[in-house]
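There are two complexes below, and they share subunit A, which is joined by subunit B in the first and by subunit C in the second.
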Partner chain A sequence: MTYFSYFKAECLVLFRRKQNLVNALLFFALVIVLFPLGVDPSKAFLAPAAGGIIWCAAALATVISLESMFKEDYADGSLEQLLVSGLSISWLVLLKVLVHWLGMIIPLLLLTPIFSEMLFLPDGVLGVLMTTLLLGTPGLFLIGSIGASLTVSLRQGALLMLLLILPFYFPIIIFSTSAIQAVASGLPYSGLLAIIGAISLLALVMSPLMTPICLKASVR
Partner chain B sequence: MQSNISLTISDLWIERGDRDLCKGFSLTATSGDIIHILGDNGAGKSSLFKTLFGLVSPVEGEVQLNGEDVLSYRDPLLKQSLYISHALGLKSVFTVLENIRWYFPKVSEADIARVLSLLKIEGYLDVPIKALSAGQTRRVALARLWLSDLPVWFLDEPFSALDMVSIQLLEGRIREHAEQGGIVFFTSHQPVTLLSPRRVELTA
Partner chain C sequence: MSWSWFHKLGSPKWFFQWSKKWAPPVFCLGVLGIVVGTAWGLAFAPKDYLQGNVFRIIYLHVPSAILAESCYLSLGIAGFVFLVWQMKMAPIFIKAMAPIGAVMAAIALFSGSIWGKPTWGTWWVWDARLTSVLVLFMLYMGIIAIQNALDDRVLADKAAAVICVVGVINLPIIKYSVVWWNTLHQPATFSFMKKPDMPEVMWMPLLICVVSFYLFVAGLVIWRMQTEILRREHRASWLKTEVVGDGI
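This part shows the complex of A and B:
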């Protein structure tokens, strides 16, 4: 096993199990569609809320797509084989997160312009929304991988994982929506983008440290 | 392959769920050794392997590979050993060939074809793992023994689900590996016929 063969295998798994990803994206779309239907379809309500709605939907879709991240590897023994492969498990985790993130962010960035049109996102805000997604979702995925590894051996771990990691999602969501509101009202927002990037970088350091520990504690 | 390896386990004490699985367990294996670990169901054979690989922590004890402590820093052991556990580590969404390619990206097509035909699964190259029988699945996992060049093997129940011919083939491979200077640890509830391994009983 090499890092590259693992990366290729992960891509292939993602492709074969594309239904998981499709479900998460469908969930993303449904949450967004339900807001105008359930609350208020007027432009006055939707325009200021659009960024926040898209961000919350993206965060929930991320949790859904990550919940089963290590489940199959755990069940078929390949997680055990990764741990004894002699390769650095931190790098393997980062590769896995990278594959899952790419699989999610590409369709998400393609769908966002369509949905922001639907939610009357103000002109000129779309660019910042896409930037916050690009900067913030790596953090969501890296933090999510810690939660997924903690709950991998539990049969009903989804809700527990949600409770564990959602508090850590709050700063990313808050700063992203503030950046979107700032740009909509003509205020400077680059500092907020820097904070989002910093949180993702912190997650990039923490996740490869924490996830292997949780995985080792789960495989016994 | 390196032909003077030694693995020393001394005074190993493994506890699981408040039960001692082994206490004061000691064993030395050197190149050419084949070691059959025996014990009742639940005696702790799988746990012993998992302890060596760091998946279970021992209460106390030492494990040395070529005189180097590998319980605190496991990399030397991991880089020298091949471990096939009860869970085979094959991906059910992959075909036979994809599974083998994942483990051995650098091995040539011809070598893979040769090993798979030896194991009588050459006709299943593009069949998903989940469409194979239990014995066929195990043979795919065991194909790693012919393709890898790691010297120390830990095989947990390698013979289960195999037919007579495959069992003899596997025993032959284990003997060949030991003759080439490797070390093989295996567990099995059935007696082996072709091999004359050192038998180590695991008792609490």
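This part shows the complex of A and C:
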């Protein structure tokens, strides 16, 4: 096995188990639909809240889609094979995160203009919303991989993973929504984008360190 | 100076024997200090000219808030020690400390909210300091939850240590939230660098409260660690002689 063959295999697995990804995207759509139905469908409420609603839905959908990230590998024993393969498990984790991120972000970016239209997102904000999603979701996925590796041996790990991981998502969500609010009120926002990127970079350092520790402890 | 007494504390046996000597006096001193400090603060310290008697909740709020952060810092250090050096006592410490820290964060949030109502006119605002302490409380709850959810003890220890280390990122956010953002919460009351702005009769009881909260928590955590050692090492023969020697 090489890094490239692993990457190819992961892409294939993701493609053949499309239903997982589709479920996460449906979940994303349903969370968004909850807000107009549950709170207020008027433009006065939705227009300022649209960016935040899309971000919250994206964060929740990320947790849902990542929960099963290592679970199949753990159940069928391929996780053990990866650990003894001699390749760096940190790089393998990063490749896996990359595949899952690509699989999620492309449909998410395609869906976002549709939902932002449905939520009456103000004109000119869509570009910044897409940029924050592009900059912030790598952080979400990298932090999420730590959570997925913590709960890999649990049968019902989704709730625990939400509890553990969402507190670490707060900074990304806060800075993304404040960037969206800043651009909507005509303020400079590049500093906020830089902070989101910095958080994602920090996650890029932490995740390959922490995820293998939990995976190794889970397999043993 | 020899550090061997300190290194010995890394072994459950030595720690157990050492803690039997130290836990009761530290704990009792802490309780005594809390009684003295709060009585002084609540009954004898002068009234604040702006807030009146309401300010007296500071003698509960500030110590518990300081402890909530310090407890998490100690968890982060213990988590790091466990992940790097695999010391046996570190997960025992994490297990013993997490609920205490959670209670401290809860007390800080509750007392702050009670203080906020008469002074700010609201129980809660979503400002940076309050929100980050709420996140701290959730991190504590997450650590407790994962320890309870995972049946495999080695895995549970590792997982809790990972969360402890990663969560340390929240501490500077709490500490500097009042500096970085424009918040309703006032900046720090105490600092090592300069003398507090309050008169001595007001900050002396507060200092006593803070120090005795530290002692109280230290005594409590040593006690809880003893219990955890009893639970984990119940097969060891030294523990049997120890327990039988106590006449139980």
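Please note the rule applied: the second predicted complex is superposed on the first by the 220 of 220 C-alpha atoms of A that agree within 3 Å, B and C clash if a C-alpha of one lies under 4 Å from a C-alpha of the other, contacts with A are read in each partner's own complex, and residues count from 1 in each chain.
Everything below uses one rule, namely that a contact is a pair of C-beta atoms (placed from the backbone, for glycine too) under 8 Å apart; a residue touches a chain by one contact, two chains touch by 3 or more.
The model shown is predicted, which means the values in this text are computed figures rather than measured ones.
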item	value
First, second, both or neither for A:Arg220, with subunit B first and subunit C second	both
First, second, both or neither for A:Gln181, with subunit B first and subunit C second	neither
Partner chain(s) touched by A:Leu164 [first = subunit B, second = subunit C, both, neither]	second
Which of subunit B and subunit C A:Thr2 touches, first, second, both or neither	first
Contacts of A:Leu154 with subunit B and subunit C, given as first, second, both or neither	second
Touched partner set for A:Ser90, first subunit B, second subunit C, both or neither	neither
Touching partner for A:Glu80 - first (subunit B), second (subunit C), both, neither	first
Set of subunit A residues, in rising order, touched by both subunit B and subunit C	220
List of subunit A residues in touch with subunit C within their complex	146, 150-151, 153-154, 157, 160, 163-164, 166-168, 170-171, 202, 206, 210, 213-214, 217-218, 220
Residue ranges of subunit B touching subunit A (in the complex, touch as defined)	50, 53-56, 75, 78-79, 81, 83, 85-94, 98, 101-106
Subunit C - residues contacting subunit A, complex	83, 131, 135, 138-139, 141-142, 145-146, 149-150, 152, 154-155, 158-159, 162-163, 165-167, 169-170, 173
Of all residues in subunit A, those that touch subunit B in their complex	1-2, 4-6, 8-9, 12-13, 16-17, 72, 75-78, 80-81, 83-86, 216, 219-220
